[in-house]
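Each chain gets a letter, A, B, C and D, in the order it is written, and its residues are counted from 1.
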Amino acid sequence: MSELISLQDIHFAYPGGAPVLCGLDLTLSAGERLSIGGHNGAGKSTLLHILVGLLRPSRGRVVAFGAERAEEKDFYEVRRRAGLVFQDPDDQLFCPTVAEDVAFGPLNLGKSRQEAMAIVEEVLARLDLAAYRDRITHKLSGGEKRLVTLAAVLAMEPDVLLLDEPTNALDIDNKVRLTEILLSLPQAMILVSHDHGFRNDIATRTLMLVEGRLTERPPRCVAGRSPAAPAA
Amino acid sequence: MSELISLQDIHFAYPGGAPVLCGLDLTLSAGERLSIGGHNGAGKSTLLHILVGLLRPSRGRVVAFGAERAEEKDFYEVRRRAGLVFQDPDDQLFCPTVAEDVAFGPLNLGKSRQEAMAIVEEVLARLDLAAYRDRITHKLSGGEKRLVTLAAVLAMEPDVLLLDEPTNALDIDNKVRLTEILLSLPQAMILVSHDHGFRNDIATRTLMLVEGRLTERPPRCVAGRSPAAPAA
Amino acid sequence: MGHFVSAERRALRDTGAARRTLLQGVDPRSRILAAVLFAVVIVALHDMALLGIGLGAALLMMLTARLPALPTLKRMATMDTFIIFLIAMLPFTVPGDPIFTVFGFAATWQGLWQALEIALKANAIILALMALVGSMEPVTLGHALSRLRAPEGLVHLLMFTVRYVDVLRGEYLRLRQAMKARGFRAGTNLHTFRSLGYLVGMMLVRAIERSERILAAMKCRGFTGRLPLLDELAFCRRDAVFAIGLLAFLASLIAAQTVSPA
Amino acid sequence: MHIVDGALAPEVLIGGAALAAAGIGLGLKSLPAEKMPAAGVLSAAFFVASLIHVPIGPSSVHLIMNGLAGLVLGWAAFPALFVGLLLQAVFFGFGGLTVLGVNTVNIALPAVIVFYLCRRGIASSSPAVAAVWGAAGGGLAIALTTGFVAISLALSGEEFVPAAKLVFFAHIPVMAIEALVAGAAVALVRRVKPELFVTFAAALSKGAPS
């Protein structure tokens, strides 16, 4: 089983803040769909940002795709191969139209305009979003925005998907749709989510981020899934 | 038993949207702690906004504190006497420091700066937040922000509290703290929450918002309380 | 600046959109150039009758663009109070033949004409602008400006602004609602000014933090300092017909002006 | 404070357009692609701020906040405020088209002047002092804008002079309001996110003239 990403003894604190991560370890292998839970402010988003080098740990090693990554340059490849879907779709859909937004990644990877457009068509068709091609991004609903951000990341053909609260702002229908899409993807993924049911549907392994470290999910939770678990 | 607030046959739709509330009735009496559940988008926040006149129903009557309220002017008194804590603390906090934010309400009620500061000290001490007095609101954690918004509303000495998802962004410790605070308050309250356990701890009565109307809570939910209900 | 409060200025959300109209088929670049040309010609005219024809043409454009008539006309007529004040004072400040006197100040025909001239020009141009350009998506405006060789940076700035106006306006409106729920009523007092100042400051802080997250998202998708734009604008026969028609109209206005003795 | 089409002399229109183009050019030079998201989102923020109405007695004015825009954006205030004016004219029918250059100069040049006069002040170690400088900048920007509007009119015709003078005095309360609001905004930013005022200054020292 090949190891895609591993974090070793990661420590991190925001400037002037309390430690967020202290001695965190994590390994993601090919084909795995790892879910990470934890309460608000536990550091889940921070963890994903460290993975793609948007934040640098004060201590510890980030190993990704077979090499240790320490400097900004090292992370260019990581960002291409590990597609991060942000918590707030408005932060990620910065281009005026859906097609432009989805093409942004491929164009940055050096694809020609034509190649990029071919990828856009293909990805949108695959996610059943072809009708949105020329829509204005800021006029999409929350759920539609979320699906387009996923398309934009998939257009870069990443080996790993990093999803930060992908079910935020999704209604039941779109959540079912997203679940189907994610289950159909071959990529390994790390999924941060508060949503119990969703996590259980997707993940092959679940960890909790508690006090700056990842721990196996306490067993009482695995059993006790409530029939009335709220959707949010 | 005195009736504080009552809604009669309320209908509401956002411009260009499907009906959200259709024929909703509600009564809140003194000393009651009413909890309202319902799935995402059911219209719970909308209901609270109608209560304090931030939205106007297309049909139906809002009766609050012994008078019918129809116009903007009528709601001035309602907003003073029914304190609304918003779903997202970031929508509510706009002053640089905690003290200034808590003082904002009393100043709006025409208190002098000195009187307002006295109220601030008193409320923060009561909620055990005195240490936060001069902290920058923007830099507080989600849970801390939530407690400050509650303090800001209590500073207006309302007769009724309207709480929209107060346990969002709260970890276990803060949730216990909030539960204690709420149980110690004499005010009647309406509590909108996805959080089962929390609802059961606080509420004296529970209703569900389903298809634009309030109904008694279906019995199966009362039983099925999960120990692992997620925190969010 | 103190214009009428009723001036409803909403988000960019409810602009233009994809109404199917005759104008919709005309290339956005032609529409922008047409609006500019129209404005230049109208500003250069002096004959009242010709200006009247110009305003008529602008009204026709509004109907062709299927803009909602009443709100559009209301927007057209909305001006800063100081401009209205300025126009209203002209009859009294321009020397000439008196019509009547108010408190010893004489109003003159010449002044009245000049006031009327400004009002006609301002309304004709702004109405044509709203009909020709305002009826397209703000995003399309950006694409068209880019093709018209507007500086790249300016187009990107416009695109980002258009993208985030609604998001920030939503943030602002929710904060304003929360203030209202805590009994805030804007008045002419220090408390109001301080509170609104905090509100503006907080909006700026959040805006800059959002822009940091946006930049992070761009980096994650391989951003290297280049912002690509895609569009598919192409001239077609309809554009030619539109261009010829408009040029002929404007040329005849200029011809009429030079021929007429005024 | 948007002049409409048809009021100004052609020379004033052309001069305004040329000055605006130069200012926008300088502003864009201070904006590398990295800063574009920040400038765009801030430009949107100032656009939204201009929707805020403040009552003066029975009437009301909307905020302009061009002084604050200058303090935050420096020369980039030129293109940012131009974009706002363009959108307002095209989609809200506010202002005009041939006067776009003049209106841009009248609003953005004061912003840049305030940037140079007050940037030291708002960096003061005391937030209270910074707020006073912010207020001074906010009030001064409106005073300059009103002055520039009056000059544009006066250059276009004798007959505008009396009205232009009256307009200037009538705007004194507005200057006071903008000063107080800008002062409070600076007070908040200095306490919550002081870096906000340095974001574009850093780019400036590299990119554009100073």
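By our rule, a contact is a pair of C-beta atoms (placed from the backbone, for glycine too) under 8 Å apart; a residue touches a chain by one contact, two chains touch by 3 or more.
Quick caveat: nothing in here was measured; it's all calculated off a predicted structure.
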Superposing rotation of chain A relative to chain B, computed on C-alpha atoms, to nearest 5°: 175
Centroid spacing, where centroids are CA-atom means, of chain A and chain B in whole angstrom: 33
Gap in Å, rounded to a whole number, between the CA centres of chain D and chain B: 40
Residues within chain A bordering two or more other chains: 94
Residues within chain C bordering two or more other chains: 159-160, 162-164, 167, 195, 198-199, 201-202, 205, 210, 214, 218, 226
Two or more partner chains touched - positions in chain D: 37, 187-188, 192-193
Chain-chain contacts as defined at top: A-B, A-C, B-C, B-D, C-D
Residue ranges of chain A in contact with chain B within the complex: 37, 39-41, 171-172, 194-196, 220-221, 223-232
Contacting residues of chain B [partner chain D, same complex]: 95-97, 136, 138-139
List of chain D residues in touch with chain B within their complex: 187-188, 191-193
Residues of chain B touching chain C in the complex: 49, 52, 54, 76, 79-80, 83-84, 86, 88, 90-92, 94-96, 100, 104-105, 107-109, 138, 152-153, 156
Residue ranges of chain C touching chain A (in the complex, touch as defined): 13, 137, 139, 142-143, 159-160, 162-164, 166-167, 210, 213-214, 216-224, 226, 228-230
